[in-house]
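Two complexes follow with subunit A in common, the first pairing it with subunit B and the second with subunit C.
Let's turn to the complex of A and B:
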């Protein structure tokens, strides 16, 4: 029992790091909410977190390989900014981050060896976090690591993983690289693995960057609650349902102003200082599914709307279609419409409306000429000299007609 | 003669490979290869300048603010807008918070593991560590006893996590020379730095919604409007950050330096420096920036930057053709051939200034500020040189360790400026100035944003027609630093810096890694594609049916 962590040891460790029991429980509550559990699940999460610290009976840290694909490193950066639990605690006391191009002490060949060993020795028992897009351009050479195409690295690491976390919108479906003209051949992890016949389950966590608390929620489910990938509550697109089940608009702090019709019409205006709704400036909150307004960013410091910026829909990502990425779907960001693209042509909804109006007008003109040419317009219907009602009821008629026009039989009554 | 390869280079942003020829224990030749092509400029084509300011941030998750900033400056030039004073201050604060985050993260969490061995800290005596910290004048916020216990527990568990495959045993264990107590102090500061860079990013989030990829920096100013509460939070965060930076970073640097003094002897590189300048003053002139614009030649003599002297060459990179192009009319079509150091070997193109390779780093900025007599920088550089036992010898800064040390001066300078800007903003708001955003008047034009990312000089140029971008070019600092051979076969700045670096261990060439990290490279940034401002090459690489 000597090696089993007790709560008091754990608390000592927390207090040594200046984390109070209270703020720890607050975190557990947050993790629970982020994971789609109720706040009441906090004690359960706490217990799971506590029993996984160093020295616990099941002392092994859960191995994780974190591969940078075609990324900006923004999701790693976001992860490194986690405060509670801080990134150091996670990589020292929760997971064994055996391969990370951004954080690992090793480099070069030694780094690749660490990855290979993890794949071999922990087969079926490690998590692969893949950040950035998969690039198929030039046979995968658009992304070269250790003298190999990036796609090979993904394939090798994904094949034996327990679960693959596609972290960030780029990993989900290519992100901005999938936007026209998609020169590098970007696509998402799920689609690539499907094409390659790799059956490892994929959890899609979009966002640009993905909120690190969403990753922690997934890690907590897999590592700490030991949920099998099939037990995770995912949407039809493989995204955690608790996080990506509702729209940004649903949980927006400015929602009340939307209901009241109080809007910001220009950046940096008085209305902005009053915290009015950003809908007229193109806010994509109503159509973007994520719980940003609940979890917030950077240790709950703020989030886009709170700082005065309309949502640009960075969580929009269809894992099966690189063309349906957040940039393509949402630009121009600050307008309420989106640009449509037919091949290389950019078209605006207004242009389409004008086009349709023009086609309709032209069709009507053609139709008119056609009618004229075929003679169907000539004279039109016969002119009615006497209204038929008047003709039937001459006694009640107030119309004035030439006598010659009134049919005789009608004059004489029925 | 042997080859030594580091691929992947870790603790950087993006994908980088370094291949070196080693002769008599020293690097005799080097090739630096950027490993990823993503195609940014083509994506912003045909979208609005406002969209571009958002999208280009995704070049880099470490310095998104700089990209948004440079892109917005380019758009404002194209539109003919001068931003309001409040917007200028808020944007300085946003940029400053990102510099603090980036510099802290780079020094402690990326570069430090080349010098510090946290596993060696297990041998430390915490009491001696306190004594040493006091002697070095560095901060003792952490509980060294608890930290040592934490490290012991980690080591006992046996899994190495981020230390898997480490190089701490390089050169038969002689490469890491710190006493265990200093390793313990620096490990404590590694962990504190993680928190402090997160705090710096909280400032970005407060002003920008989230970090990375801030939301409020828009062409025309800022969509952020301060409230009393936000100003209050801002002041608290800025003060806390300044206190930590001032009490920790330079003392740590001075404590580390004597143990690695040989790293002052190599890693100079091309010895020419350029900086476009960063942090706007009221005049909004590049020479008046808090860190001003300037170009330093071989003899460190100063001149003003000229856009027309910038060229880009693609003959050694994976793009079609072997031409040089003048700014801002670059053109490129990506085409992977094969990795061949005698021909093409990188996705990074080769920019030149006045026909020569130039270094664009934090060192460039500080040297330019020093030559332009920015008082704080002059005073700090002089006192750092004196503390290093080389008074007046600016040449020792032109080295691997010099480049690593001098960045701390910049960090301290910016941390202090942040405090000034907060006061300035509070005064401006108190005086009733409520202007944050100026709406674009014209929607056709062209403009260039000369700016700085934490890694060095950053250039965004765009041409706009009827509100849509018709041409967009970016030259990023790492493109300068990680450039391959130029048209004359002259190696790029990092390739030159690697030559002469001692290699005691072909498998784990730690000094080469130290040199690479001193540049703070970011290949995520460095590789991208440009095309002519006229947009005419568009048809040649695309078709109405999509791109092949």
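Let's turn to the complex of A and C:
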């Protein structure tokens, strides 16, 4: 019996869920990278996970409230679609999801009660995940939940949270909800809380939908590595730097073809099948910051560009400016430029520029004919004898006009 | 022959060189810029990007050098004279320019028959040339805000934030290229429509006889046929 390998308590939990040690370590490596650490930190993450999950099994779960604002539930769906049993579901079990409109089994008054209790009893010690845009329109009545404006729900839950995770581009700055004409007054969580004077730190995780692994990475940072929000490595836009620090283009699997000058000009073409670069089809990879090409999607199966679709820049979101939402900034997706809006008229910058340049060129041709007709093409018209102004103001004349003047060749060295 | 004599003193050699560099760099920047915006010639993309970045730096450094040289190199304050002053003075308002702005515009709109007297640079010309270094510097800035190795530096990232993201920055960079194209169209047209002597002087230092202008009297005082 002494030579028999023993299985740890944690490993038993893993195998009970059909997760191999190997796939668990793979996830830990990914979480470490997503959290901005080296893959070498995987054991540290694994250890933190183990103790957390074991702690969780003993009833010490970190409470999370997941509120949906003006959302399509896509971010929840993406998160829920993590295949079960999957290594990532273990991570799910490190938190206690006390309130989620979609994932919770309960509904109605009892759920609202559970939320209120969490806010009250775990003040300063829970995470608020907010999905979807904040709607300020019509005095906050653009969105009503449980007989209250949606904004009130956010305010109450955010005020005593340890950290707010704005999940998805809508939560970051209104997303496509904030696109013109934005009648519902959509804006992002960070901007709304700032306006309301709520100082709870916000971590922005854009995407449409946000990759669930990004949320896992943030949860791992806060819950497992016990990092204070101020210790998180965030960009100037409050996004995790390890995830949103580089462009999609930087880590794209088709990048080699970009460098070679091998491009796809048409969907369904031979070039597309060869995996050439999608740049001419309006790919927003070079200007969109996210590590999609590294973490992939759907349990690391594929991602937009691998599937043959150019990046449409869904992670572009400036938290302080609902007008700078990814739909407004990137449509039409398959053109290299966005459309500019002049009133109700949408126009490509190239059309304006070429139009003006064309008009100018035509005007110069017409002007050229004028110069020809007036006989100015051979050295120009004859000079005025006296400046027009000088002729009218002889007492203050600029020039000294004297027909008897001769060139001072000596002085000028002729 | 109504134009002033074209003397080398108007465009001393250092400025002939900077003008050549401007021309070559701008043409290459525009051609490669179009290719980067949309890869019309796919296999040229890699070269286009390298040339674009290189020429961007060349144009910027050349611009700074030209502005600095304006304070050390001498050039003629007007056409038709070999007298020289420190170059920067020919960029400031001169007595020869005074009250002439409106008449230049009237001349080009065919509302004035005779040619306005002026300094080496006419009023609209002086104003548009002065805008060029500003344009080059702003263009260089927008370019570096889009160039991956520099886009994340605070100085450039702040500008990108200010204009509403990289797409806006790209469109500004793109529109500014057209400002350069429009400037070049007008510049080439006006420099050559009354004869190519100014071009021969600017590029090849080839002189051409003409009327003589006295920058002290601010008037035409005779003619120099360069003893042809």
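Following the convention adopted for this analysis, the second predicted complex is superposed on the first by the 325 of 414 C-alpha atoms of A that agree within 3 Å, B and C clash if a C-alpha of one lies under 4 Å from a C-alpha of the other, contacts with A are read in each partner's own complex, and residues count from 1 in each chain.
Note that in this section a contact is a pair of C-beta atoms (placed from the backbone, for glycine too) under 8 Å apart; a residue touches a chain by one contact, two chains touch by 3 or more.
Values in this document were obtained by computation on a predicted structure and should not be read as measured data.
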Of subunit B and subunit C, the chain that contacts the larger number of subunit A residues: B
First (subunit B), second (subunit C), both or neither touched by A:329: second
Touching partner for A:187 - first (subunit B), second (subunit C), both, neither: neither
First, second, both or neither for A:65, with subunit B first and subunit C second: neither
Subunit B and subunit C contact sites that coincide on subunit A, given as residue numbers: none
In the complex with subunit A, residue positions of subunit B that touch it: 5-15, 17, 33, 35-39, 42-43, 46-48, 50-51, 54-55, 58-62, 64, 87, 105, 109-110, 113, 143, 146-147, 149-150, 153-154, 156-157, 159-168, 191, 194-195, 197-198, 201-202, 204-213, 215-216, 218, 220-225, 227, 233, 318, 334-336, 339, 347, 434-437, 439, 468, 507-508, 513, 524, 529, 538, 541-547
Of all residues in subunit C, those that touch subunit A in their complex: 1-3, 37-39, 42-46, 81-83, 95-96, 98-100, 103, 107-108, 110, 112-117, 148, 152, 157, 161, 164-168, 170-171, 174-175, 178, 181-182, 185-186, 189, 193-195, 197, 210-212, 214, 217-224
Residues of subunit A that touch subunit B when the two form their complex: 13, 16-17, 54-55, 59-61, 63, 68, 70-78, 80-83, 86-88, 91-93, 95-114, 118, 133, 135, 137-139, 141-147, 150, 175-177, 179-184, 186, 208-209, 266-270, 272-273, 297-299, 301-309, 312, 314, 327, 331-334, 339, 343-346
Complex interface listing, subunit A residues touching subunit C: 236, 245, 247, 250, 258-263, 279-280, 286-287, 313, 316, 318, 321, 323-324, 329-330, 336-338, 340, 349-350, 352-353, 356-357, 360-361, 364, 367-368, 370-371, 374, 376-385, 387-389, 398-402, 405-409, 411-414
